[in-house]
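What follows is a set of structures to go through.
Each of the next two complexes has chain A plus one more chain, namely chain B in the first and chain C in the second.
== the complex of A and B ==
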């Protein structure tokens, strides 16, 4: 499915289950998303992580709602399953779509200005380097006997200085490769939204509406 | 903050949506996203500690300020309409792609938090970038995100005393991270003339 439409669908459903209260629909969403992820053959480690880490906020919400909430245990279960529905819905997108495809389709099919699509893509592609940079900033501070934590202004200060420098370099590099802001572009890789994409999008969305309409428990 | 020099830099500093600024916002969002990612264990630890007494929502509210930092930061560095929103949203998107605990919920939270951060700057007309606009941004962030948690995390089913306690916790957290810490960072940037780079 087209990554842009998929993201839209996932967000629309996530938004909808935030406002509706149906335990069974939440469970159906979890099961269907889980099945979809299984078909896509993701690693076991990623799968276990998906199940394990949300357990903490899910149990936390459940217990507090159970102890202090006025709506009883049924609502507590709704919140519990809602967390998992978010996570697995999100995973159907993140585990199967690439950021590059998303940027391309957002630019070509969703009319996002190319400077946003390629600018953000360029920054996201630096993610491993940014990870390194955070380590470098922390280590070099340690060499001067200074420990930087997430509450240290200096850590962010240095991160922003790096960002300023890198953004300048990246923008210049893109310009020198022929990128012109606000200019019509031709595309080497064309991504189109096909009829099948629309079929899945509308079909799945309609299914969720139907489920939410008929299953109120 | 030294108000006089602050006012001077403010006057000379109005940003535009250029390619360079878009990359800058995205980079700052990713940096903050990765720094919080390192603090992710804190949330889990707090949640585990508070769950037995049913206080897990407090873990959420205690750390809210941290999650809402990218907005004010990018709003201050790139001073134009929408920069706080884009920064905050991308910050949340980073968490999703790193494989966070919130999945698709983080995208929506990012939008909600982004609107919260942005509104503060909107109310001050993108003209002033000082303690006042920062506080406006903090206020709108707290109100908007709290309203969202009323729905999403079922806060609306809690009693009034618990709600007030959660609201105050969230306000303090946002004030410390989104306000005081952001102000200190902006001051460092100001002193190094980074805004005119």
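== the complex of A and C ==
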């Protein structure tokens, strides 16, 4: 499915379940998303992470609603499953779509200004560098006699400075590679939204509407 | 014909009245290979950024005078046409790509230039083949070595096919083989493809017989002059005499006191073995030079020594396993001078940076007068309020060296400390390092491709090759 439409669908459904209260629909969404992720052959580690990390906020919400809330245990379960529905819906997008494809479709089909599409893409490609950079900043600070912790403003100041510097260099590099804001470009890979994409988008969205309408528990 | 003519060009940085370029009036001739040289920080990059059309857009204030491509003033060229006239290769290989893979970057470039998608495959294949990097086509750019990244940068330029190519110290951090290869490719572009090449470099290796014109930017007058062949020859000869270490270097004896002991050591990041040592020692109060081709793992060894990277086996500092020493005390004892000077900076202005070192140092080896004298000798005095990130690469390096010397750690690891420094500054820095060793008994381990001028500093030489590190008498 077209990554842009997929993102739109995921966001629309996530928004909807924030305002509706159906335990069963939440569970259906989790199961269907989970099934979809399984078919796409995602690594086991990522899968276990998806199940493990949301446990903390989910249990937190569940316990506080169950023990201190006024709406009872049913609502607590809704909150619990809602967290997982968010996470798995999000994962159907993040784990199975390429960010490059998303940028291409946003530029070509959704008429997003190309500077956003490629700016975001370039920033995304810098992400692995940010982790390395933080470690280097910490070690280098130690060598200058300063211990920076994750709450130290200097660490963030330095990381932000690095990113400003990077973004300046990147902007210069993109310009020297012929990129000019708001100018026409050709496209080597044309990404079109196909009839099939629309079929899935509308079909799945309608399904969720139907489920939410008929299943109120 | 695309002569690049610079007409009475004068530029000063915003909020400063020091002229970086003063009434520069020269013409880089069409279809010539022009080399622009001069000390670091003298303004070579600034001029190139203007020629490439990046300044004034990215710097804020314009220069006086003009730049013309043939008869066309650069300001008359629409912004979306600039890259059809000129392309630029940057000094830092890491920050010139927007996309993830080589092929994506190249299509990105061609899309920007409104090339018909049907023709892209041919253009890309040709550019990759020309640069000899067909195999890198689908690789992720972040995983390439510096030399490979610069080859990709050249491939992008070949694909763009502009008449003028400017290069800003493009070989500053790549190995000698890549450097020679890239210079040959540039010559080929000039001769067979009619390109005008303008290249700034302070390292004159491999250019003799290749370049057509030799320009020198005088750091005092901030003017550029075209040298005749005799003066150019003089520069080359001068440079050559300073490019080798002719002295035989001693092999350390067994009874010399060691400060770092490496045992049963294996370094294999990403599961590829870089270095395997049964036993190796670095000696106390000595300067050890590590040589070896780029990308072979020298910097990675430093990362292991500073606990930035995991390794197998043991490293002992002063008889104690470094994993058992807490991070802060260890970092104060075994300190790395990062290859990228910016990594070392924690504050904003030059003064704040120096004050931080003065405040956190563990000993008082250098007086404030010493510090002032050091700044003076490296032309860094009077820059107290300047933002460190606005310094030139050479100036950043000088500041970094001074602030790490002030910390005066017992062991100082230096990763390409002379990168971006002109020869005169290098000699000054070598003097500082000798003082640190002779007066304060500092142990120094240096990775450097730049060998000239180091003979009075180096005590031992370790060669890194074939996943091994061995002490050698001769430096080749």
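Here, the second predicted complex is superposed on the first by the 217 of 217 C-alpha atoms of A that agree within 3 Å, B and C clash if a C-alpha of one lies under 4 Å from a C-alpha of the other, contacts with A are read in each partner's own complex, and residues count from 1 in each chain.
Following the convention adopted for this analysis, contacts are C-beta pairs under 8 Å (C-beta built on N, C-alpha and C of every residue); 3 or more make two chains touch, one makes a residue touch a chain.
Just so it is clear, the structure is predicted and the values come from calculations on it, not from any experiment.
Touch criterion not met for A:210: it reaches neither chain B nor chain C. In the superposed model, A:35 makes contact with neither chain B nor chain C.
Residue by residue along chain A, chain B and chain C are tallied for touches, and B comes out ahead. When both complexes are overlaid on chain A, the residue A:154 reaches chain B and chain C alike.
Residue contacts after overlaying the shared chain place A:168 against chain B and chain C alike. In the superposed model, A:64 makes contact with chain B only, not with chain C.
Of the two partner chains, chain C is the only one touched by A:125; chain B is not. Contacts of A:186 after superposition: chain C is touched, whereas chain B is not reached.
Judged by the document's definition of touching, chain A residues 118, 122, 154, 161-162, 166, 168, 170-171, 174-175, 179 lie at the interface with chain B and also at the interface with chain C.
Residues of chain B touching chain A in their complex: 17-24, 26-32, 34-36, 38-39, 43-44, 47-48, 50-57, 59-60, 66, 69, 73, 77, 90, 94, 96-97, 99, 101-108, 151-154, 157-159, 162, 177, 181, 184-185, 187-189, 192, 194, 197. Contacts from chain C toward chain A in the complex involve residues 49, 52-54, 57-58, 79-80, 83, 87-88, 90, 92, 94-100, 104-105, 107-117, 120, 141-142, 156, 160, 306-308, 327-328, 330-332, 335-336, 338, 342-346, 356-357, 359-362, 389, 403-404, 407, 409. Looking at the complex, you find that chain A touches chain C at residues 100, 118, 121-122, 125, 128-129, 135-137, 139-147, 154, 158, 161-162, 165-166, 168-180, 183-190. Across the complex, chain B is touched by residues 7, 10-11, 13-15, 18-19, 46, 49-50, 53-54, 56-57, 59-61, 63-71, 75, 78-79, 82-83, 86-91, 93-94, 99, 115-116, 118-120, 122-124, 126-127, 130-131, 133-134, 150-151, 153-157, 159-164, 166-168, 170-171, 174-175, 179, 181 of chain A.
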